[in-house]
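Below: one structure, written as structure tokens.
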Amino acid sequence: MKRIVISTGGGDAPGLNAVIYALVQAAHSRDWEVYGSKSGYLGLLDTDELVRLTPDTVKDITPTGGTILGSTNKGNPFAMPVKNLAGEIQICDVSDRVMKNFKRMGFFCHIAVGGDGSLEIAHRFAKEKGMPVIGVPKTIDNDLEATQLTFGFDTAVSTATEALDKLHSTAKSHDRVMVVEVMGRESGWIALNSGISGGADVILIPEIPFDIQCVCDKIAENELHGKHYAIVVVAEGARAKDSGIIHKSDEKKEVGRQEVLLGGIGEWVADRIREIADKDTRSLVLGHLQRGGSPTTFDRLLALRFGAAAIRVAEKGEFDLMVALEGGAMTTVPLAKAVEKRKKVPLDCDKIMTAREIGICLGDFYRI
Amino acid sequence: MKRIVISTGGGDAPGLNAVIYALVQAAHSRDWEVYGSKSGYLGLLDTDELVRLTPDTVKDITPTGGTILGSTNKGNPFAMPVKNLAGEIQICDVSDRVMKNFKRMGFFCHIAVGGDGSLEIAHRFAKEKGMPVIGVPKTIDNDLEATQLTFGFDTAVSTATEALDKLHSTAKSHDRVMVVEVMGRESGWIALNSGISGGADVILIPEIPFDIQCVCDKIAENELHGKHYAIVVVAEGARAKDSGIIHKSDEKKEVGRQEVLLGGIGEWVADRIREIADKDTRSLVLGHLQRGGSPTTFDRLLALRFGAAAIRVAEKGEFDLMVALEGGAMTTVPLAKAVEKRKKVPLDCDKIMTAREIGICLGDFYRI
Amino acid sequence: MKRIVISTGGGDAPGLNAVIYALVQAAHSRDWEVYGSKSGYLGLLDTDELVRLTPDTVKDITPTGGTILGSTNKGNPFAMPVKNLAGEIQICDVSDRVMKNFKRMGFFCHIAVGGDGSLEIAHRFAKEKGMPVIGVPKTIDNDLEATQLTFGFDTAVSTATEALDKLHSTAKSHDRVMVVEVMGRESGWIALNSGISGGADVILIPEIPFDIQCVCDKIAENELHGKHYAIVVVAEGARAKDSGIIHKSDEKKEVGRQEVLLGGIGEWVADRIREIADKDTRSLVLGHLQRGGSPTTFDRLLALRFGAAAIRVAEKGEFDLMVALEGGAMTTVPLAKAVEKRKKVPLDCDKIMTAREIGICLGDFYRI
Amino acid sequence: MKRIVISTGGGDAPGLNAVIYALVQAAHSRDWEVYGSKSGYLGLLDTDELVRLTPDTVKDITPTGGTILGSTNKGNPFAMPVKNLAGEIQICDVSDRVMKNFKRMGFFCHIAVGGDGSLEIAHRFAKEKGMPVIGVPKTIDNDLEATQLTFGFDTAVSTATEALDKLHSTAKSHDRVMVVEVMGRESGWIALNSGISGGADVILIPEIPFDIQCVCDKIAENELHGKHYAIVVVAEGARAKDSGIIHKSDEKKEVGRQEVLLGGIGEWVADRIREIADKDTRSLVLGHLQRGGSPTTFDRLLALRFGAAAIRVAEKGEFDLMVALEGGAMTTVPLAKAVEKRKKVPLDCDKIMTAREIGICLGDFYRI
């Protein structure tokens, strides 16, 4: 009987459990045994942390958030922080221990569900240690160039859109500007999609460095038309043009007189609007709400398809690949290419055009 | 100043108002005037039923269901039922009146949002009367071959999936089989997508004529594994293999000893399961719940993109076209081709494979 | 160490798992052991069907629908259908076996969560067999006189209201009358609450026998005011005044020329409206959607409070009681009184007044 | 024909539009005319800001958030900030102008929907100026002693509970402590209800000054039981015992070495947990999400009942009263008493007992 091991790694994304469900069911329908490695590679480091996964253990998990394999950020086996006898933390390469356990357990394939960090580690296991690995892409940010879409993204956008829907009525009742900071790392997908769907007045994305004066011009124009409130969506990675501000995450690189963003870019934008546009302005960081909750029907289906596709690839005996969505169908790309490039919002795509045409300010220009 | 007229026709689909919003905003950003024709072509037959649409009249409509242009099934101007003086209904061709009003109002373009029926009429106006027409596809059934996706579909699938989520717990608590009939006309998209995402045990679609015994075998297998309930999703267009049953809608064609389906295919399936599998079985028709409600964020974005794209096509002066989604981007197809072919679920697509691999019975074969 | 047994019985209600959670946690905080009897009394008939419940087994169940104790309709130990050696079904009194197991397991209390049927059985065990029983009321219909509210009701009303919200837009777009049949047995609570909140034009409840002509008058009045659609909410127990129609459930009592309601009262009302008001009319039965899904925050809190309160009563050593909500606080009533009387909608309550005053027809009178 | 004026004032609460709907409909059913004063008293200061409200203008507003009467915080007519000719802001008493317009328009009653601030102003108009006023209570915080419940509260609690549901899965997947700050002013109702329903480990409310060490003990106990995450709900008004910390809002009273809470109490708690319990901890402020969105079915019904009840009181010619919910029925209390006292969570209520019994730490004591 064939036996595989699966793991989930990196930040949380709604749909992880649906992938696990499909992996277990599709393996079961081929009479394969499935083991889950808890907390990323922990189960491969310590076989006590391996769990047998059967149709029974995964029943009813598809609609749930999180991952039944537990905490997802427990380190890289090629550079693992380990406490030595003196109680000090040392960085050790424990990848051989992983391989030894992998072989000892008789696994013929490791299916790694993860973001770019986890997929890079998976690829290293394939290349350097000869592990037969298949990757399943996971990011709520939709920023992997190698796949058209990733699960978790639609749920994150839905959560952000619902929040915008709620803020509309209250912003309007109080003549307020509401600034909402959403996730997305260095890409503007969550901000752009939720902002368009949720009726934002302004959307600021990393791909378009913004001019805060344009933002305030848009708010002023609203006033001219009798609309005394505004909704501003800011991607966490958005930056002001020529502002010299730097993010908290860049702190190490800080130089000279630059302003450090301790409270996040949303708060910074809100402060500027308060000053320049003289409007009652509130900011809100959606944060981990975007990573939680039951996946949308769209994300469940996509996650289930990814899971089943990974088993099909394993059956064919093809490895060092990532399953991907291309032209609406399942395909594969080499793992090496999978993590090579982040997907940015192209400035000439029809979503950007749509945003501008329906009157949304993207921070780069605005006339009253 | 340029002036256009827009109309919505056919069955209801969540996202119609988002299309209208984008049409009005994108036209406004080009300084065009927009008029809406109420109830399909009614506004073009009787200009009292034309309404001026401005950013102000469409504000806040994106998240709402229905269409602000009102009832959508008021007939085909080429064959309109009209009462004569004697009070009898006669079928009249009033298309010339439509064209006269179109010209008199100075419209340079008609943007028709509708399903295959409405788009066919729009194409006839283009071909026979020379009306500059652009179509926007609308169907919750996702059954238009000419576009990758249509708005309304994701919302309908979400509604069906939520219903399945609710029925799971109650089916389980009562050891029941729940049969849920969903929409989709002659295509199985809604049934397939919602059934996979919603954890159905059985999915019956028009593309795969089903054997009721296979359905009962799957239910019996559930029992063997200690699962005393089942969820069966039936597309309204599903048919039993060799059963001689006919739908209510086929009544005119009825012959011989065939069984007529008065209560819908879902009820028929439930009756058979009760007889053959001897299980407490309930059926539910989701019906118009699938056409109502606020569009999902996915459908809002798609609808807004369709609307903005239609205005871009109008600006280029290209007509007798339908906007479509292709490879994730907006494109156009000739209206003549747009309605030519219904999109069926391909039997070799990865969704079908996924369904089978995760243990869902599609009604064609099943072993215990 | 003290040891209790808990059971859930009767129809499904969102919140059952929250009650179980609170029972287990509140018992655990007193160092009591808790066992769950599967499928009502099954675990007390056959101790293999008893499960040990700990904080670990109930973690995360509060937001889930259904009951982890499984199927809830497995009969009355005082009159249990049992197969004899000849394979025939005989009705046996197995209540002594229940008591024997109860004592053998060392339980000092049985907490029975259930509707009027289950609570009646529980009371009989208390009275006839001396079992120390505490009841927790459960009905989505809110029809128990002895408690101000029951869990499950708010969720059922929410589900019905959401359905009405969805139907509004589609009814309006198609100039249709939508008739929605909701649950409630012989009480109109679900219909009244959801109908008022969901903007119904007509609400028909068992407490007010209706005149179908009044219903049609209301629909005609809508037309006069330019509203070409209507939403009609019908409680499953509603009856027409002097109509001679009888429900399917009354079939045995059928006499003479009465019309038997095979399709439910909703369908009957829809048929009459189609005939009399000559409107395109569709009917929908919400059915088990009302019993499923995650409980609302309101129902979760109420269910958790009921559970914790039952443990407090057990601690005081008081039995043959039901916990109840009275004046916003937890109290108890004798089990004998608990099931004595169904709670009907009082015709002079402010909800009825509100309905009439905001223009809703209750089926008894209407002027155009 | 009788004529009334209505106004909405103070912070936003879901259900305001439902009150307006019921006021207009119930007045219409008595053939009264209704005017709405925009932005609180603005319409009574400047009759251009009065709008005629008819069944047509309020149709479909019940399920919407916000208030169609627009921005709600435009000041107190007894102390209105007004710009003089020199451009300076002066505080003026413009209450006589309000009364003059009230009489000139022929209003026989003013129905003021608002929180304690607005109701106090309304009462002053009744007492000092003889205005026939009826109040309708509005606060999402549920902190009015004079009424059992207020609309908006159930929606706010639902929003908070949904957020907790979402955070659970992601907290668990990342072994994190999530601290969520919710609204409620000086009362703990929102925190307590949402925290119990949403499965919080710790709930901190103003009524129980907390010891941060107890909070960390609870988190440590979770770890002992293999639960490596925790959800902490903090009411915005919660204070640490003997901590000497003060809120931003108390800044003027700041003295000595006290620590000023710039980021809110949630952030303060998160910082302490990070230090003391050494856990990866994130904080989130739900903020205005709690004031927005479509009201729950519960809040819609309550708001509609309040509206209809206010019209009934007006019909009887009784004024200087507030409508209230008492024992599940509509009643009235003198406006003077209505705003006298804030409703706190009683420390001996069964909700507090339930919280403790199901293992929730309330910050006052905890043993490992």
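In order of appearance the chains are A, B, C and D, and numbering begins at 1 in each one.
By our rule, contacts are C-beta pairs under 8 Å (C-beta built on N, C-alpha and C of every residue); 3 or more make two chains touch, one makes a residue touch a chain.
As the structure is a prediction and not an experimental result, all values here were calculated from the model.
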Next item on the list: Check A-B against B-C and say which one is joined by more contacting C-beta pairs.
Entry: A-B
Notebook entry, point to check: From the centre of chain C, which chain's CA centre is farthest?
Noted result: A
Notebook entry, point to check: Hey, how far is the Cα centre of chain A from the one of chain B, in Å?
Noted result: 32
Check: For chain B and chain C, what's the span in angstrom between their mean Cα positions?
Finding: 35
Notebook entry, point to check: Where in chain C do residues touch two or more other chains at once?
Noted result: 162, 165, 168
Next item on the list: Go through the chains and record each pair that touches.
Entry: A-B, A-D, B-C, C-D
Next item on the list: Note which residues of chain B are touching chain A in the complex, please.
Entry: 21-22, 25-26, 28-29, 55-56, 59-60, 62-63, 148, 154, 157-158, 161-162, 165, 168, 193-194, 196-199, 225, 227, 296-298, 300-301, 304-305, 308-309, 311-312, 327-330, 349-351, 353-354, 356-359
Note to self: List the residues on chain D that touch chain A in their complex, please.
What the structure shows: 11-12, 14, 16, 64-67, 70-73, 159, 162-163, 165-175, 178, 228, 282, 284-285, 287-289, 291-293
